[in-house]
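Right after this note come the structures.
Look for chain A in each of the two complexes below; its partner is chain B in the first and chain C in the second.
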Partner chain A sequence: MARADDLTLDVRGLETRFLTPKGPISAIRDVSIQVRPGEIVGLVGESGSGKSVTGLSIMGLIDAPGEVVDGEVLLNGEDLRQISARRRRQLRGDRIAMVFQDPMMTLNPVLRIRTQMVEAIRAHDPKVGAKEALRRCRDALAQVGIPAPEERLDAYPHQFSGGMRQRVAIATAMLNGPDLIIADEPTTALDVTIQAQILAEVQTLCRERGTALIWITHDLSVVAGLAERLYVMYGGGIVEEGPVDPVLDHPLHPYTDGLIRSVPWHNEPGRPLNQIPGMIPALDRMPRGCRFHPRCDRADEACRQPVALREGPDNRRVRCLYPLGKV
Partner chain B sequence: MTSFLLRRTGQTVVALLVMSVLVFVGIFMVGNPIDILIDPAATPLERQQTIEAFGLDRPVWEQYWGFLTGAISGDLGNSFIYNQPALDLILARLPATLELAFTALAIALVFGIPLGIVAGLKPRAPLSRAIMSFSILGFSLPTFWIGLIMIMAFSVFLGWLPASGRGETVDVLGIPISLFTLDGILHLLLPALNLALFKISLVIRLTRAGVMECMQMDYVRFARAKGISEGRIVGLHVLKNTLIPLITVMGIEFGSLIAFAVVTETIFAWPGMGKLIIDAIAVLDRPLILAYLLITVVMFSVINLVVDLLYSVVDPRVRLEDQGE
Partner chain C sequence: MSDRAAVPADDAVLAPPPRSPGRELLSALLHDKLAVIGLVIVVVLTVLAFLAPVIAPQDPYDLAQIDFMDSRLPPGSASLAGGTFWLGTDDQGRDLFSAILYGLRTSIEVGITSAVIALVIGASIGLASAYVGGRTDALLMRLVDIQLSFPAILIALILLAILGQGVDKIIIALVVTQWAYYARTVRGSALVERRRAYVDAARCQALPRRRIMFGHILPNCLPPLIVVVTMRVAYAIMLEATLSFLGIGLPVTEPSLGLLISNGYTYLLSGVYWISIFPGIALVLLIVGINLVGDCLRDLLNPRLRR
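Up next, the complex of A and B:
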């Protein structure tokens, strides 16, 4: 793997805990993610696998009763967990931005789009004049395919469709030309046609500007066409990582394999759909050792002990004692 | 907008009509004002003359018709007791009551909103718990008792503030106002604070609930992800959303503020219309009661109108044309 100072984002051993009435519970544990400048990385997993918590932990946006308790989050070599709250606020929205899942909720319903976009510029550079700020907002809206951006700046969020709102959110995230954008399932709530448009626009924008992107999703078909590298999460940890095509074509981890087989396109019509037996365990009832072993047909006694990430071929890594291919 | 205002005016007129019929018939059924008004020693002839003078010998619908035709030309009849136009009597007392109510409202908002924000941002902090305890007290202790205690403490023992009356007033556009003289403000302070206490508690709770709810919203998270300062997030993003329920409730509550003023006015001998109406009801002074209630209905309509206008200013999703059905 590349050295830390060549990376836009280098997350190492991240652990986030939530205080619950039953005691502290780790929502994610030992999560390490590396993103090179301009790289598009997919973060895939089922609901509850810890994808969103990972994104929020990187941003430092975990609210009480949650807390990031361990690990490093190096953004351009600067550890976001060590710097002051003030410095963190300076970096957020400027060098690292985030887009959320539900476009109906991410924009403030009582503020005009212009207010919500201009403040993102002014928060980082108060010296920018009103005209200049508005011009940048207008350009940003035009770039994500919003017609008549000049007039739309004066509109309120409820005057936009879901897809348009998500475009506004993406345009806002892009305003200051960040080095990295974390996108937490931004197209999940949208129609497939809108999703395809937005994916294409985001891909183009990131390429043009050299912005790195972490695309969090549960939809393998989305990352297959978008991402260069892939991280697969299960039960709060990374179980497999590597370049997209090898991982999807020849998964090493039984969970990745199950996830791919669950996509209906692999199925002949009329035959029962594939599924992974069992359910993702609740966070307070995570099994010891490999967290997937109760649902895995390859597991044995050894899987009850902690399993480390192992290096595989083609820059791949897998957290499994009995991977599917050759390691 | 014009159609909205027209519809509102129409609704107000209907409310005024319905209310006047109800009150008219109601008072007619409660008792005969003559029995209370007239000296028991009066001769039957004098008694008959008084009844005829007030028009009380005619059937109720005829009396109502007489009232209605008078009302349309702006004459709500003379008070039985004072023998002066009822409307003038009420209007002479109205400024004092409104001044008291508005000051109480201002106090409630000025103290309630910041305290509510503090309590909503850190619900578990000791300060927040203290604020909430205060609001429980404000809710549960009866207004009249607090008023008496305040008089005891600030007027009797400490001697800082006057306990009764309106103090020195200044005429603004012909209306006497206490707010512009030091003496007037000193007189206003205790009764306004007394009246505001319950509302402060209400504003604290509403603001706290709104802030707690809004802070969980995705748009706050998104604002943080943009790098917006906490001050701006709370002061703009959260507060503007919190104002929406606050305006609705405070609009309704402002009406009750005027109604509650009766108690406070009585305790602090505040020369508002509360005292006037209580006396009028006791002697079945029908024109005075009617005039008071008609004015109250108009005031409520105006307050509701203002609330709706404010609402549309704060919440862009509200369009006035869609309301009022």
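Up next, the complex of A and C:
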């Protein structure tokens, strides 16, 4: 385990609760994520597994009735939960940025792209002159593959296609050269060809600039090609983590295995598709112990007790008593 | 870098040169016949009103120009000085055409000034209410509820009774009676807008709160607000006319249309109709014009009726 100051992001034991009429419910619990400088990390899981809440919690964007109740979020060694609101504002958008899922709505529909990008620069460096700010916007747009950035700066978001809008959002996130970008399913709403282009561009950009990236997705095939390390979430917790290839080739957790088998890729035509039986339980009805045990064919009585993350081979970790393969 | 400039096909055709939403709205408005009629009425009346000192045959407040012998002359009469009173004269011998021009100017000034001040106050309160939420929101909105549960004219009457007469006093009274409408309208839209992802994105960039509220959320709340503003300007002008008619609005030295109407009121049944009727027609034209524009704006800005 690397020391905290070698890491761009070190999240430890993060827990976020939402107050509901039925009482407080933990949407994520004991989530720990480590990202090294320039590393691309995938965060996968099905809908409702807590991926987005994790991203928002790291950014400090959880609104009432939600609240981050426990854990540390160390960005370059600074705990985002402890520092002053002023310092947090300095870091947010400057050292750490976020790209959201819906490219239709993440840009303000009534403001020109120019306005939105320039103010992202000025928010952190009010001294930047108008010309210099515009030049940086142009460069950022050109880098994400937007043709004629000069004219496009004056356009409104509705004049862009979905893919173009997401490129603008990524360019905006990159403007201040952050150390870490959290991308919450940014290509989910796009078709595969555009997705492939954007993935390639993001990968190149991160490599060139040494920007670390957390890519949140439910699509294993995206992560397989993009990420170096992988965190698999289920029911608000991390169930498996490790380098992408070993995790995808030889999953340790039965849930990861089920997730991989569910990709139609692995199926022979004509045979019924593989599924994981059952559904992800509602947050207020999470089973005790291993949260996956009601859907797991390897589970027994012992799985009803809390299960700790165990170290595995190749820097892998898994939260399972009966992992597939050797631990 | 050139290999990355590869473009997906749908963007190969460049969109038409970007126009601002405001200009698009204006061009749509100019394609609507009723809106154009309303706009023409409002613009012509406003121009006439503000050119009053230039085009009015007589300064109705300069006692030296008024001859008492000219009083209550019917429309079209010749004046002693040699001109013609196209709209007749009132009971003090003032040329009604001139008086209406000056009255219009006062009415429009008071209406627009009060609407703008009420808009700034109301919109700020509504925005803050929606953005901060919680107890602040509840408190401000109950205040709005209380305000709206009293008839506007009653509040204005009480205020003017306390404050006395004067242009500034009536503007204060009109602002107090109107801000709540703006606050409620803005809060309604802002509550929807602040849940949108672009607000989260703006917060991610750590933009200052003020900038997010006024720079990002407010512009998205403008469509309903524009409609409310036009309707409220018309209402403010009407309310001012009513108060002046009742004799507690503007002082006699700065007569508005309402005061002119009330001047002729006593003679109305004795056949001297023009003293009240002509200022009345001017008032009606102005209100109808503004409302025509407002109606069309409402249709244009309603996303459900559009496209």
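Please note the rule applied: the second predicted complex is superposed on the first by the 327 of 327 C-alpha atoms of A that agree within 3 Å, B and C clash if a C-alpha of one lies under 4 Å from a C-alpha of the other, contacts with A are read in each partner's own complex, and residues count from 1 in each chain.
The rule is simple: a contact is a pair of C-beta atoms (placed from the backbone, for glycine too) under 8 Å apart; a residue touches a chain by one contact, two chains touch by 3 or more.
What you see is a predicted model, and the numbers here were worked out from it, not measured in a lab.
After superposition onto chain A, partners chain B and chain C are found to clash with each other.
Of the two partner chains, chain C is the only one touched by A:Ala142; chain B is not.
Of the two partner chains placed by the overlay, only chain C lies in contact with A:Met164; chain B stays clear of it. In the overlay built on the shared chain, the residue A:Met174 is in contact with neither chain B nor chain C.
Among chain B and chain C, the chain that touches a larger number of residues in chain A is C. In the superposition on chain A, contact is made by A:Phe100 with both chain B and chain C. Residue overlap on chain A between the chain B contacts of one complex and the chain C contacts of the other covers 59, 61, 89-94, 97-98, 100, 102, 105-112, 119-120, 123-124, 156, 169, 172-173. Interface residues of chain B, counted against chain A in their complex, comprise 217-219, 221-229, 232, 236-237, 240-241, 244, 314-317.
Across the complex, chain A meets chain C through its residues 59, 61, 64, 88-94, 97-98, 100-102, 105-112, 119-120, 123-124, 142-143, 145, 147-148, 151, 154-156, 159-161, 163-164, 169, 172-173, 193-194, 197, 201, 204.
Those residues of chain A whose C-beta lies close enough to touch chain B in the complex are 56, 59, 61, 89-94, 97-98, 100, 102, 105-112, 116, 119-120, 123-124, 156, 158, 169, 172-173.
Per the touch definition, chain C reaches chain A in the complex via residues 1, 4-8, 10-11, 14-15, 18, 21, 134, 196-198, 200-208, 211, 215-216, 219-220, 222.
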